[in-house]
Amino acid sequence: MSASILPGRLEALGFEAGGRRLIDGLTLAFEAGPRTVILGPNGAGKSLTLRLAHGLLAPSAGRVVWRTAGAGRRQALVFQRPVMLRRSAAANVDYALALRRVTGAERVRRRDKVLERTGLAELARRPARVLSTGEQQRLALARAWAIEPEVLFLDEPTASLDPAATRAVEAIVNAIHEAGTKIVMTTHDLGQARRLADEIVFLHRGRLVEHAAAETFFDAPASAEARAFLEGDLLW
Amino acid sequence: MDDFAGAFSAAFRLIATLDPGLAEIVGLSLRVSLVAVGLAALVGLPLGAALALLRFPGRRALTVAMNALMGMPPVVVGLIVYLLLSRAGPLGVLGLLFTPTAMIAAQFLLVVPIVAALARQVAEDLWAEYEEQLRSLGCAPGRAIPTLLWDGRFSLITAVLAGFGRASAEVGAVMIVGGNIDHVTRVMTTAIALETARGDLALALGLGVILMVLSLVINGAAFVLGETARAGAR
Amino acid sequence: MTLRIYCLAVAAILALTQPQGGQAAERYITVASTTSTEASGLFRHLLPEFTKQSGIEVRVVAVGTGQALKLARSCDADVLFVHHKPSEERFVAEGFGVARHDVMYNDFVVVGPEADPAGIRGEADVAKALTAVAAAKAPFASRGDDSGTHKKERSLWTAAAIDVAAASGTWYRETGAGMGATLNTAAAMGAYALADRGTWLAFRNKAGMAVLSEGDRRLFNPYGVILVSEAKCPYTKSAPGQAFVDWLIAPAGQQAIAAFKLGGQQLFFPNAAAGGSRSRFISPLEGATPLA
């Protein structure tokens, strides 16, 4: 295995669209290890931050720096709404592996492993688009896991799921983390943040307000915005 | 009008007696159109997907040209192919004028724009859904072309059928480049034109009925096939 | 992998374009001819006999005489079989054709609605008949396609001293189509038209139309056959082409032409033996229908 892409740094990142500054002067580091949860009210720029960090969007100011080049290929992103290719569950995983030039027996081994670990082994032959939303999200996680990323971004992965499916997804996220992958996830579910986060990045109106260990953030938030957010006040 | 009644009895008689002349004409029609559409699909589908995915200079112009070419009169296409394949033309040495190959070439040119334009639409819609996911997986736009064509396969069947409809129904182009030679380049549509010229309207219409039935059978088969496959692999 | 599948598909489809089994189709000639010969069914009667005797397949591209001449000038035909003698002679004179041979003749007829609004029924002088049509401003459907029949028709209007160009779009209507299509149009709008007798007799959609004027010497309709010159068109299949020309003007071909009948009526009259000149025009119907 080549040198790690971590840590990754967002340096004075800015992003504009339609003349509006959506991300403004965001500086942040992703260190190997802790599960990072990005919190913030709607419109805080959580999803944009993930996309900028993953390279799906180009920043209009500042830059994203990973420790080694070609970092994008060693990351994966799971979207709020799973995008399923119109083929079987197994073929969806195979497709991701084929793009990473994983072939033959190794491809089969990895695919079977991730389907097994996400509880989808029985559904492998099913067309992905007839699976339930929860199953689809688990398949999206399996697909991401198969390519064994160093960093896994998750954009509100349980926003459209029921509690049972949410629990399953959280368990898988933890399993991926335990296997050595850095987790960077957004959520607007405080309970989920408490359950999963090792550290919290709190954004408000495109700016970084707090970056702290989870315990510190929840017990003694430093900023007025974070306090209001934790107390359930509406922020804008 | 008794021509209508005559048409159906003529069509029925031709089919019931397994008229060998008819079988020959139908066989050639199918061969020419299926080959032309098959080749047009192999060129038009990737071309359409490329127009949807790739950003290159002249892409807009090419898209507009494709859409415009969809409405190109078959006679004009026939004329262009004729001028190319004529012994006096640049490809005259091939000696392809008045052969089924020339007809395939003309129908190919007629069908490519349709298939490409419809494929572009299908690919564009799919790309809107897939783009972020595929880019995240590290899929370059060029590599995404086969992905989108495969995932859009059920919609694309319709595009290819539209192409087949245009190919099998047109008469202007094959008349010019094929010459409507008996036993060599006579297909359904040119046979209909000939019977009309001979004033045998009932027989002409009868052939038209058979052409329509053929088209119905092919479209129906494709529909059923598509539905079955779709049910199995959405 | 995707690429390999793609290449296989291309190869499979291209394989289909090749005709199954390259049969005896190698020995064939292309004849550019007129719609009148094709639509009347003459070729269906004639060609199998020639092919049986010679082993040469004849592929007929039936278009208007004007277009047939153009095809031959672009070297897209080996033999020209048309019916406009002045154009044919020019074709030979310009070196495109080896030689012109008389093959057969029939005649043109003026057809029109049974009701005959211009009153030309039985008029043996075609110029007078056309003058009457023009005077009555009765609709007249013209081929308008530079075919042999169209060229003949224009020369007849000239003979009648009538400027149809001025009347185009009013009672004089140019269909720009083949003989059959023009007859269909004429039948539908009750118009007069000039037709060659072969097409007329084979035509099935006569719908209340009849032959109204015939028998004028100027309605003579001779067909000529010409082998395209190898000097101008190196691809010309001279040997089999010449064989076809020779057969047509030999007794075997001439008898085959005479034997072609439709509804008991002979459509074309062989005249190759006459030595290429028309010493005497005999109306095909002479003696059969007394002219008024």
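General observations
By written order: A, B and C. Residues from 1 in each chain.
Going forward, contacts are C-beta pairs under 8 Å (C-beta built on N, C-alpha and C of every residue); 3 or more make two chains touch, one makes a residue touch a chain.
Just so we're clear, the structure is a prediction, and the values are computed from it rather than from any experiment.
Relative to the centroid of every protein C-alpha atom shown, the closest chain centre, again from C-alpha atoms, is found for B. Farthest chain from chain B, judged by C-alpha centroids: A.
Centres computed as Cα averages put chain A at a distance of 47 Å from chain B. Averaged C-alpha coordinates put the centre of chain A at 79 Å from the centre of chain C.
Mean C-alpha position of chain B lies 33 Å from that of chain C.
For chain B, the set of residues that touch two or more other chains is empty. If you check the complex, the residues on chain B that touch chain A are 129-130, 132-133, 135-139, 143, 147, 150-153, 232-234.
For chain A in complex with chain B, the residues that touch the partner chain are 51, 54, 56, 72-73, 75-77, 79, 83, 85-88, 95-96, 99-100, 127, 129-130, 143, 147.
Of all residues in chain C, those touching chain B in their complex are 2, 6, 9-10, 13-14, 16-17, 19, 25, 30, 35, 38-39, 43-44, 59-62, 73-76, 178-181, 183-184, 187, 202-206, 233, 235.
Of all the residues in chain B, the ones that touch chain C in their complex are 31, 34-35, 38-39, 42, 86-89, 92, 95, 97-98, 100-101, 104, 146, 179-182, 184, 194, 196-201.
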